[in-house]
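Some notes on the structure that comes next.
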Amino acid sequence: MAELVSQEMFLNMGPHHPSTHGVLRLIVQTDGEIMRRAVPDVGYLHRGIEKIAERVTYQGFMPYTDRIDYVSAFSGNLGYALTVERLAGIEVPEKAEYLRVIAAELARMGSHFIGFGAVLLDLGAVTPFVHALRERETYNDLMEMLCGARLTHNYARIGGVSHDLPEGFKEKTLKFIDHLEYEFIDEFNNLISFNSILVKRFANVGVVSAEKAIEYTLVGPNLRGSGVQFDLRRDDPYSIYDRFDFEIPVGKGKFGTVGDCYDRYWIRIQEIRESCRIIRQALEQMPEKGEIRTKIPKVFKPPKGEIYVRTECPRGEMGFYLISDGGKSPYRLKIRTGSFSAMSILEELSQGVMVADLVAIIGSFDIVAPEIDR
Amino acid sequence: MHNLASIIQSILKELFGSSPSLDLLYTFLGYLVPCLTVVTVIGMIGGILTLMERKVAGAIQNRLGPNRVGPYGSLQWIADAIKLHLKEDIIPALADKNLFRLAPYIVFVGTVLTGLVIPFGGSFIVVDLNVGLIFLIVAVSLVVIGLLMSGWASNNKWALLGGIRSAAQIVSYEIPSALALLTVILITGSFSMQKIVAEQGLFPWQWFIFYNPFTFIAFFIFGIASLAELNRVPFDFPEAESELVSGYNVEYSSMRFGFFFAAEFGNIFVTASIATAVFLGGGNIGLDPYESGIGYQLLMVLVFFAKAIPLCFVSLWVRWTLPRLRIDQMMSMCWKYLIPISFVCLTCTALWMLVFNGNGIFWRMSG
Amino acid sequence: MEQHELIEKVKVTCQDSIVRIEEMPNDDVLVEIKKEEILSVMDILKNDPELKFSISNHLGVDNGENYAVIYNLYSYPFKHKITVKACLDHEHPEIDSVESIFQGMNWFERETYDLLGIKFTGHSNLKRLLLPPDWEGHPLRKDYVYPDFYNQIDNRRPDLCD
Amino acid sequence: MNPAIQYFKNIWDAIYTVSFGMIITLKYWVKEPPITIEYPDRLKKGPLILSGNSLEEIVSDRFRGYLTVDFSTCIGCLQCMITCPIDIIAIETEKRDDVRFITRFDINQSKCMYCGLCVEVCPTDAIVHSKRFEGACYDIKELCIRHVETAVPVAKRPSKGEAESA
């Protein structure tokens, strides 16, 4: 009998694959169902945002920051606005700071709905995804009320925000938060989070230890999922986050090892509660009247210099390294995003897992492909 | 006179007289008419189930579901079928063309073959084989050949993975589902579907599911195992949309894909029918299926469908609730949990028969 | 640790390699070092028990007359920041890869290589990351000319309104 | 834990948690009404009438739709053209007998990213976002919207006081 020849199989997962969260290609080497290696091939959504920044004005770049991470567009706005303001020494009116915090936390929630919804969709649970999107719909409506756009908000401006709170926004937001805190999250957890199939799929899969997470520059919920207590909102406060009382959920290995997919998933669900708390406090403390925008000249030229500012976005810290030569547009703007570093660890994590686990791991990192490529 | 075919034959004989050559024609017609009816019924129910699946999904997800074609979208499934017919039929250049063409039909045939021995109530059964249940198990597992064939013939790695997954899955889950059905066979002592139905009664306590605790468990084991055989969530590995793109049918388009689709949903109904007939009393309303009038016979059909259709809906309901398992977990679930438990059920039912002299819990109570 | 304390500390620990050290906005410290010393500086910053920096960001800049690579470091235990900068000459931009010290820099350095053409010696997999492998030129260079065609695909977009 | 106990606990966990989920989906199935707002062509019929029947009324007040220009107030200052980050606005003015005319005001709506920067910068609120969001057409050239067909004279620049009161 001739000897059986067994061969490893190369699979092209993507660029158009249902669970690659955007356009992302993975060159997958499998031995049947077992993965040998998955090499990410990114760049399908590279739009050269950093090059564009060198050609448009400082104000004109604001709409582009929506498109770095379009799932939570305001986070990009905020990071960029803070960077330019800190470089140019612009004071932001108090009311604008509150509006920013409210919008940023809403964006965080809206992003997490997609984040944990999409990973569940990857695992075949469609209903929780649609339920999460139902809540995101309310977030979209709120943002539309606030600034007129549902996805690419372009709400922040250098020196403030573009619109004041519209009428009825506060009541609607409070209702939304109440709904989330007292109804949605518990129901969602009972529906899917504690489901034993989901726990089996997530627990002990894709374990990232704390050292490895720091080594690979994981940030945000992915870092906290590995048990590192670090949140820029508390540890390096920007805007007015130091005025609020909130907790930072950290992965504790709820159903398995610290740093597995379940921890990363669970942290996102808990962060929704914390965001609700922050929004509630911000709405309470916010002054009724006040300026929402510091006037800056139409031809805005910040002083010469370099600055690196990080903000805590839903996908981890988004850092803007801005080099100004005193001209109308940035000399060099580097955008450091959370998905980029999360993607770089994938090759190592994917060794020896199953094809189905790879999908769960990608999903649990909450990757948005345009954020990787920029 | 134990099936529809012989009834039709005898009617034809009465109407047109008898001769050897005519008898042959009668036999042919006697089987052809019920067969066509069964194919149509299963196809129709499969089609309607696709619509219902989308409607149920919509309802569960706070959505509307299809609502544009016909009143409340009720004609959507016909529109889909027409659309699938009109689409271009693509066969990949490097595919194994003959196998590729054959595979959907095998899957579909596997589904409709089972329709032959399903007792739809009364005398409405195409042929009451004395090995009916065994035939059912065999016919259902024919599907795996079609899926494996399509996966191989597509010359696509995703499809191949899907085909292999389906082979592993269906072959494994065959065992618990067959064992669960065998517990009932112990009680009836016959594989004939009509006999199995006749042994039960109108009232729930006369059904085999409530015969003893072990048949109760066996019913659920059969339910889970048949979900797996149907490739439905939480066991939809061969398709696994988010992992394998679309699994075994990734290269199929047009009506070939439609056949897979119809077979999948037809299979839901077939499996629900088996569960109804074997565990839930089928169309039995306490009367003799062959001797009662046509009105009663239709009532039996009604009773049968009234039990089978909700079971189909349970399958849809499960699908829109649960996430997918992983392939190794699916296997361990089968070999570590379902098979041992179904063996326990089988053995304990056998012991039960011995100890209680063939009486069920409620049968014993009612004397 | 305050900014100036950190400056003193860094001055002491890696005095020979420093070209320039100054304060940066946002509580940051900018250290410009000699490019040959990058590995030793990074090693000190990572392993010194009073510093314990880990890396957070990396970028390259085309300054016209030279290139610069910039590393942003952050110390999780002590919560201070430092920005390390090294200038490379314009003809042959080349520097040691810090991948051996900070593994996570693998992709960051690949991106810099891709977009700016700075070579990282000792890097394990120095290939283009974002752009296709047959792309010509490095777009973030200031003298980059956007090509009209790529593999016969017309990149020019005529203005609709003209 | 004892493997035997673990075995039965696994079965119990699966049954318990799955039934919990099934109950929730059943609740949605039979009880909860759909939240879908149908596309406006259906608004009149369905039970989901929002505030009105027209397309514009279902979006919020600040909605950023197609750009429109009001030439009774446009002073031809070119601010919007300068501000636009993607240069989709093309304006040409011409001086005829001491009166400035706008001879061209094109907005390339196919490129517009609805950021609202031009609206913000306009001193007289001449260029505004309408609430129109349906723009599908068969030729992309139709999306270059030429707001000026025959040359229009620019509006008078509002005096300081007027501008502030406005």
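For reference, chains read A, B, C and D in written order, and residue numbers begin at 1 within each chain.
As a convention for this text, a contact is a pair of C-beta atoms (placed from the backbone, for glycine too) under 8 Å apart; a residue touches a chain by one contact, two chains touch by 3 or more.
Since the structure is predicted, the reported quantities are computational estimates derived from the model, not experimental observations.
Trainee: A-B versus B-D: which interface comes out with more C-beta contact pairs?
Mentor: Answer by contact count: A-B.
Trainee: Give, as an integer number of Å, the spacing between the C-alpha centres of chain B and chain A.
Mentor: 45
Trainee: Taking the mean of the CA coordinates per chain, how far is chain B from chain D in Å?
Mentor: The computed centroid separation for chain B versus chain D comes out at 50 Å.
Trainee: For chain B and chain C, what's the span in angstrom between their mean Cα positions?
Mentor: 63
Trainee: Go ahead and note the Å separation of the Cα centroids belonging to chain A and chain C.
Mentor: 24
Trainee: Using the touch rule from the top of the page, what residues of chain B touch 2 or more other chains?
Mentor: 60-63, 320-322
Trainee: Where in chain C do residues touch at least two different other chains?
Mentor: None at all.
Trainee: Which residues does chain D have that touch at least 2 chains other than itself?
Mentor: Each of 10, 18, 21, 24-25, 28, 35 in chain D touches at least two other chains.
Trainee: Can you list every touching chain pair?
Mentor: A-B, A-C, A-D, B-D, C-D
Trainee: Help me check something: in the complex, which residues belonging to chain D touch chain A?
Mentor: Contact set of chain D toward chain A: 10, 13-14, 16-18, 20-21, 24-25, 28, 35, 59-64, 79, 83-85, 113-117, 120-121, 129.
Trainee: In the complex of these two chains, what residues of chain A are touching chain D?
Mentor: Within the complex, chain A contacts chain D at residues 56-57, 59-64, 66, 127, 134, 137, 141, 144-149, 152, 154, 162-163, 166, 187, 190-192, 194-197, 298.
Trainee: Using the touch definition from the top, list the residues of chain C that touch chain A in their complex.
Mentor: 24-26, 28, 30, 54-57, 59, 61-62, 70, 72, 76, 79, 81, 83, 102-108, 111, 115, 128-132, 139-140
Trainee: For the complex, which residues does chain A have touching chain B?
Mentor: Counting only chain A, the residues touching chain B are 9, 11, 17-19, 32-33, 120-127, 130-131, 134, 191-192, 195, 197-198, 200-201, 354-357, 359.
Trainee: Which residues of chain D touch chain B once you look at their complex with the stated criterion?
Mentor: 7, 10-11, 18, 21-22, 24-26, 28-30, 32-36, 38
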